[in-house]
Structure formats: C-alpha cells, structure tokens
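One structure, pasted below without further comment.
Letters A, B, C, D and E name the chains as they come in the text, with residue numbers starting at 1 for each one.
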Amino acid sequence: MTLRVEFVTDLGARVSLEVQNENELLEVQRRYGRLGWYSGDVPPGGFQFPLDNEPDFDWALLGGRKFKNDEGEDCVWCRGAVYKRRELAAVDTKKLRLPAAVKYSRGARPGDPDYLREKSDGEIEYVTLAIFRGGRRNEAYATRTARPESLPAGN
Amino acid sequence: MTLRVEFVTDLGARVSLEVQNENELLEVQRRYGRLGWYSGDVPPGGFQFPLDNEPDFDWALLGGRKFKNDEGEDCVWCRGAVYKRRELAAVDTKKLRLPAAVKYSRGARPGDPDYLREKSDGEIEYVTLAIFRGGRRNEAYATRTARPESLPAGN
Amino acid sequence: MTLRVEFVTDLGARVSLEVQNENELLEVQRRYGRLGWYSGDVPPGGFQFPLDNEPDFDWALLGGRKFKNDEGEDCVWCRGAVYKRRELAAVDTKKLRLPAAVKYSRGARPGDPDYLREKSDGEIEYVTLAIFRGGRRNEAYATRTARPESLPAGN
Amino acid sequence: MTLRVEFVTDLGARVSLEVQNENELLEVQRRYGRLGWYSGDVPPGGFQFPLDNEPDFDWALLGGRKFKNDEGEDCVWCRGAVYKRRELAAVDTKKLRLPAAVKYSRGARPGDPDYLREKSDGEIEYVTLAIFRGGRRNEAYATRTARPESLPAGN
Amino acid sequence: MTLRVEFVTDLGARVSLEVQNENELLEVQRRYGRLGWYSGDVPPGGFQFPLDNEPDFDWALLGGRKFKNDEGEDCVWCRGAVYKRRELAAVDTKKLRLPAAVKYSRGARPGDPDYLREKSDGEIEYVTLAIFRGGRRNEAYATRTARPESLPAGN
C-alpha cells in the first residue's frame, strides 16, 4: 500500500513524497530527518514514548539529533530549538501516581504557541519535545546501528 | 471510487494513502488506528454518535483503545490522552429536554485549544472525546468480532 | 478536467476523492453530504446564497439536512449543530439599506471560534450557517427531485 | 510541468485540479474565479500589486468582480465581502516616503481574523483586499479583452 | 524519488508541482522564488542558517530578493515585507554565550501573528526573517553564478 508523507524541509518548504510501505516510511523519515526535514507537529505536551526506547531513540525520526552541550549535558536539537534531557522520579501520592520518566524540554520562547506551553511549579513556562514513560519498547524507534541503510528503490 | 485518507502517525507524521472504497476506508482506519494513527481532528464538543453504538464502539476508528484503569473504571486512551466513561441521566425541564447519554471526557490540560474546552457547573474545564446520545445505531462503527480482517489488496 | 475534493467524514477523517467534472462534484457532495460528510469550512458570517434558492436548497451540499423540531420549527442539522430558520425584514434607513432575507443561525457554543461569532443588539452571541438574500437563483443548489441519481462512474 | 491548484468553491468546498503550465494556471483561476472560486488566503495587509495594473486588473484571478454601487462608487465583491476603491496621495515626510497608491478596503467585521485588521488614525479598524503602488506592470494580471478564452484541453 | 512541493504564488494561490529529486527541488524553488512564489511558513524566530552562507545566500529559495534601499542599506524583500540586514556582535556573559551573527528583521506590523513577534530590550516588537549564526556552510543555499539553469525536464 503506497503511502505519501508530507515533510517541512530545512528551507521551510512543504514537500511530499511516496513510499511503498510502513517500513520504507520510517527509513525515509530517518533519511530526510538527518537533513533536518520533519513531518507533522509536536503534539501538546510533547510526544509520548515508552521509557525503554529512550536510551537509543532515533531522533532523526523527528528531524532532530542528539548532542552534548558545552557543559556535557545530553541535549537534542530539533526543529530549530534545543531541548535538555531531564530525569523525573516516580510519583506516588494519594492524588497522583506516575512511574519514573525521562523528559526532553526547554524554556518557552516568544514564538511558542499557547498549546505547547506548560507551567512548572513557579511561573516559568516550558515546552516539552518528548517524554519517555512506562509502555512497551517499540523496536521501530531505535537508532539503526551498522546495518546498510535500505534506501527506497530508485535512489 | 478511489479515496485518499490522511493520517497523523504515532510519530506525528502526516501520511496519506489510497483505498478503493468506503468499506476499505473503515478497515484501514481500524488497522492503522490500532497503531495509534488517526485522521482529522476531534470536533468542538466531541464526536456525536448514537447511544446504541456505545457498548461495542470500535475506538480504533479514532486511533484509540478502551481499557480499565487501576480503579476498574472504563476509560479510552486516544491521541495521547485518557478519557473516562460517564453516564448522563436524561434531562426534562422547561428550558431543556435531552435523552440519557454516555460521555467520554477528561479534565482540560494546558495544551488544549480553546475550542475544545467546556465548563461544567463549577469552574472546572473539561474536554469531551465523544458523546453517545439518541440517534440510530450504525453497524459500521461496531468492533469487528472474529471475522478475518479483509485487509486492503496488496498487503 | 478531473477535480479532487477533500471531505471530513462522519468519523472526522480527512478523505479526498476524484471526480470527472463540476457536475459530478455537486453529485458527490450531495451523495456524501447525506452521510454527514462535508468539505471546507463555514465562512465568517455564514454562507451567502440567493434568496430564491432558500425554499428548495439542498443542504446535503453542505453535509446537512433539514427537519422540523418538536415545536414544528424549520431547522437544519449541519456539522454537529442545529440551526433555526429566521426571516429578516428588509431594512431601509439612512445608514443601511438591505433587502429581506432568511437566515439559519444558532446561539454560540463554548467551542465556536471567534471568527464565527456575531453579536446581536444585546450581549447574546450567535453563529450563522447561511443567509439567503438578493442575488439570482442558482439551479445547481436545488434539491434534486425524483431524477435517478447519476452516480459517478464505477460505483 | 503539471501544476495542481487548490480552490475553495462557492459552496466552501476544498477542490484541487491539474493544469499543464503557468499560463493555463492563470486561465483556470480566471475561469473558476468567475464562479466565485478562489485559491489561498488574502495576505496580511492585502495583496500588493503594481500601480499600473489597477485600471484593468482582472479581479476574477482572486475570485472577485468589480461593480459600481448605488452611489456610483467603484467597488469589488470578493470572497463574501465588498471593498471600496480609495485613492491615497503620495507621502513625503522626514519619517515616511511613499508614492501614490490605490487601495481596495472595507470596515472590519466581527468575523475578521486579527491578522487582517489594520487601524487608521482613529479607532476604526479596516481590512485591505489589495493595494496598487509603485512596481512594474505585469501583463498577466490584466483582464483579457475579446481574445477567445483558451480553455484547458478536454473541456 | 519524485517529490511534490506546495507553493503560494504571487496571487496567493495554493499550487503544487512534481520534481524528480532534491536537486531539482532547489532549482524549482529558485525559479518560482524569482516570481515571488514561496513554500511553507517562516518559522518562529526566523530561519536559522550558517553564518558562512550569508554573503551569497540565494533569497529566491525563500521567494525573496536582495536590494539596497534609498539609504544604501542592504535589505531583502520577501513575502510582501522588507527586512533590513543587521550585524550582531558575539555575546559572552555568565548567563549567555553566543557567536557573532547577521540578522534580517523588521518592525512588527498589525497583521503579524503572535508567534512571529519578538521583543527587543525596549517595548518595540520586531519580526525576524532569518538569522545567520555558527554552523557549517551549505553550498546548496548559495546563489548560482553564470551556470546555465538546469531547468526541470519538459520546460
């Protein structure tokens, strides 16, 4: 079943292309993701992925890439912004019970739409790119190691 | 008549694909819905479906799935949020007359756009995914039991 | 000249399909309109149609249908809301001159976007689906009587 | 190089169609523009065209048409609203230097989005459809006189 | 791999066309960019490009063009607005460390959406088209010199 995927390119252009199936879709997202292309929007509150996917998550799938900043902190550059890695301890109170999680977030900027802004305890607003919590690992999200990249036919 | 349906994938990507007719459209919505893919937006006030469709409604059609939470309550996970099942009694006053209904809703979150927010009697804002009230049952919405899934040709 | 038309389905899905020409476009809008599918948005202030089209306007073209409510009033259900029929007398003052019109409108709801809200003399906000005023009747808008529906080829 | 152009029809529907090249694109915009179809949005502050294009500008390209109102004023009906023709004298002050221009604008209405609203000296808000100022005449914008309309092939 | 790119034309129309690969995509963006066509939106805070790309950046890729204003200042006309070139010195304080940059920006206008507005030290709001800072030069962004334009096949 042919799928057509819509990207925003590094020049902000709206471009779509055809792939032959869901696997090729992921490969094409990785390939163009490494050029900084991305498809779709960050959902309100950020993407939600399983905790076990965090260590080797392939950020090219979202058009991003992981790096260490000058202070040696793990960060992700994605869609024109830098997000820092933060570990959140489990919560177990009468009102709220949440397992441990890892979050990639940043301080809010003037251009951030309201639907992406979240308030922490104080008045500081921040924006989440993704949160890894609970769930079951999905192999499709993992960074491909040395395996030759099975590029879409005709390239 | 070939139809092209646009999905948002579990990675937030914008992807469209072709199906041969309206039946195959529903099958493809079910199939990709189970991966968490969905098509289109939740309308203001939530989807409106017939009451008789509630017991066996196939939430994969909306990219969601039903489950029981730790307290044994019926819930639906859909598009990154959890909605609780609530039964609403019929209303019969001089100003308003409404038949009984079942509603799937949740408390509003910072990222929710204004057009989805509704106020209950107090100041609490909530968001409705779907409300089942009146109308005539539509078999197309029902969860398929054991019938082998008639996957689209070529898969 | 093949045309591709984009619909929102009764399940909120984004679906497009091809038709062979403008006549077939209207037939397809009628056919899927009867399933509650619709294409595009209601413009600010509602659709503007000729007054002579009001008596037999085919609301399926907008994904709606006409009915009488319990009080015997003419109403239109369209895109999840009910609009009431109201007759507006002609206006002839120094500041404003407007011919008589028929309007289909409803009270505003929490989910209505600002651009659809209008204020009457008091503080009540309302939303207009369509207003029929002046202009020249367009036969293409009329409800088809008994003529066998010339369905698009291949169905 | 085939181009696909997206229109909003007189019934608000989202329809796209293919043309063979840029000339045919303009012809199709004229042809469907006369039915009130239009493609894309009015940009913030209105369209900007060369002053020499104003006298014979083909408003069908924007889905509009020119007419004289009861007071004999030149107006343009476009996308459900009426815009009046206004001549703006050249401006030559220390702070601002602008050549003479012709503007088509109207008073703002409740449904107008913020990005289209402009404030004149007082508190009155208005919306501009197009402003003709400076620049070099573009023949492609001119109303076709008696030349037989070279309709797209197959019609 | 065929790519389909969506443009907004000089008449605001939504038009898409097919190209055979990423190189042809850039050529087509240049070619139609010179007519004032552009694809996609300016991201919040403006485009981010490498500093070494600034001297010969091909603004046609964004639908714009460079010129000197009456005061001899370097400016870029793009998507209906004029942006001025400003050089920003490097910043090296305890709180913030940023390399030198070149910015193309303008004062905010009534029609500018909130997500594009930024506040400088005072109360003046401005909008950034692009900022050139750090990074590694990308040859694909450079203005083509005398090389015959390799137009897409069939033109």
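We adopt the following convention: contacts are C-beta pairs under 8 Å (C-beta built on N, C-alpha and C of every residue); 3 or more make two chains touch, one makes a residue touch a chain.
What you see is a predicted model; the values in this text were computed from it and never measured.
Enquirer: What chains touch chain A and also chain E?
Expert: In this structure, no chain contacts chain E and also chain A.
Enquirer: More than half overlap in residue numbers between the two sides of the chain C-chain D interface, or less? Answer same or different.
Expert: Under half of the interface numbering overlaps between copies: different.
Enquirer: Please compute the C-alpha centroid of chain D, do the same for chain E, then give the distance between them in whole Å.
Expert: The mean C-alpha positions of chain D and chain E differ by 25 Å.
Enquirer: Whole-Å distance, chain C centre to chain E centre, using C-alpha means?
Expert: Computed value for the inter-centroid distance: 41 Å.
Enquirer: Spell out, as numbers or ranges, the residues of chain D touching 2 or more other chains.
Expert: Residues 4 of chain D touch two or more partner chains.
Enquirer: What kind of graph do the touching chains make: line, ring, star, complete, other?
Expert: Chain contacts: single closed ring, each chain with exactly two partners.
Enquirer: Sort out for me which residues of chain B touch chain A in the complex.
Expert: 4, 8-9, 11-18, 70, 79-80, 109-113, 152, 154-155
Enquirer: Could you list, by residue number, the parts of chain B that touch chain C in their complex?
Expert: 1-6, 25, 29, 39-45, 47-48, 61-62, 97, 115-119
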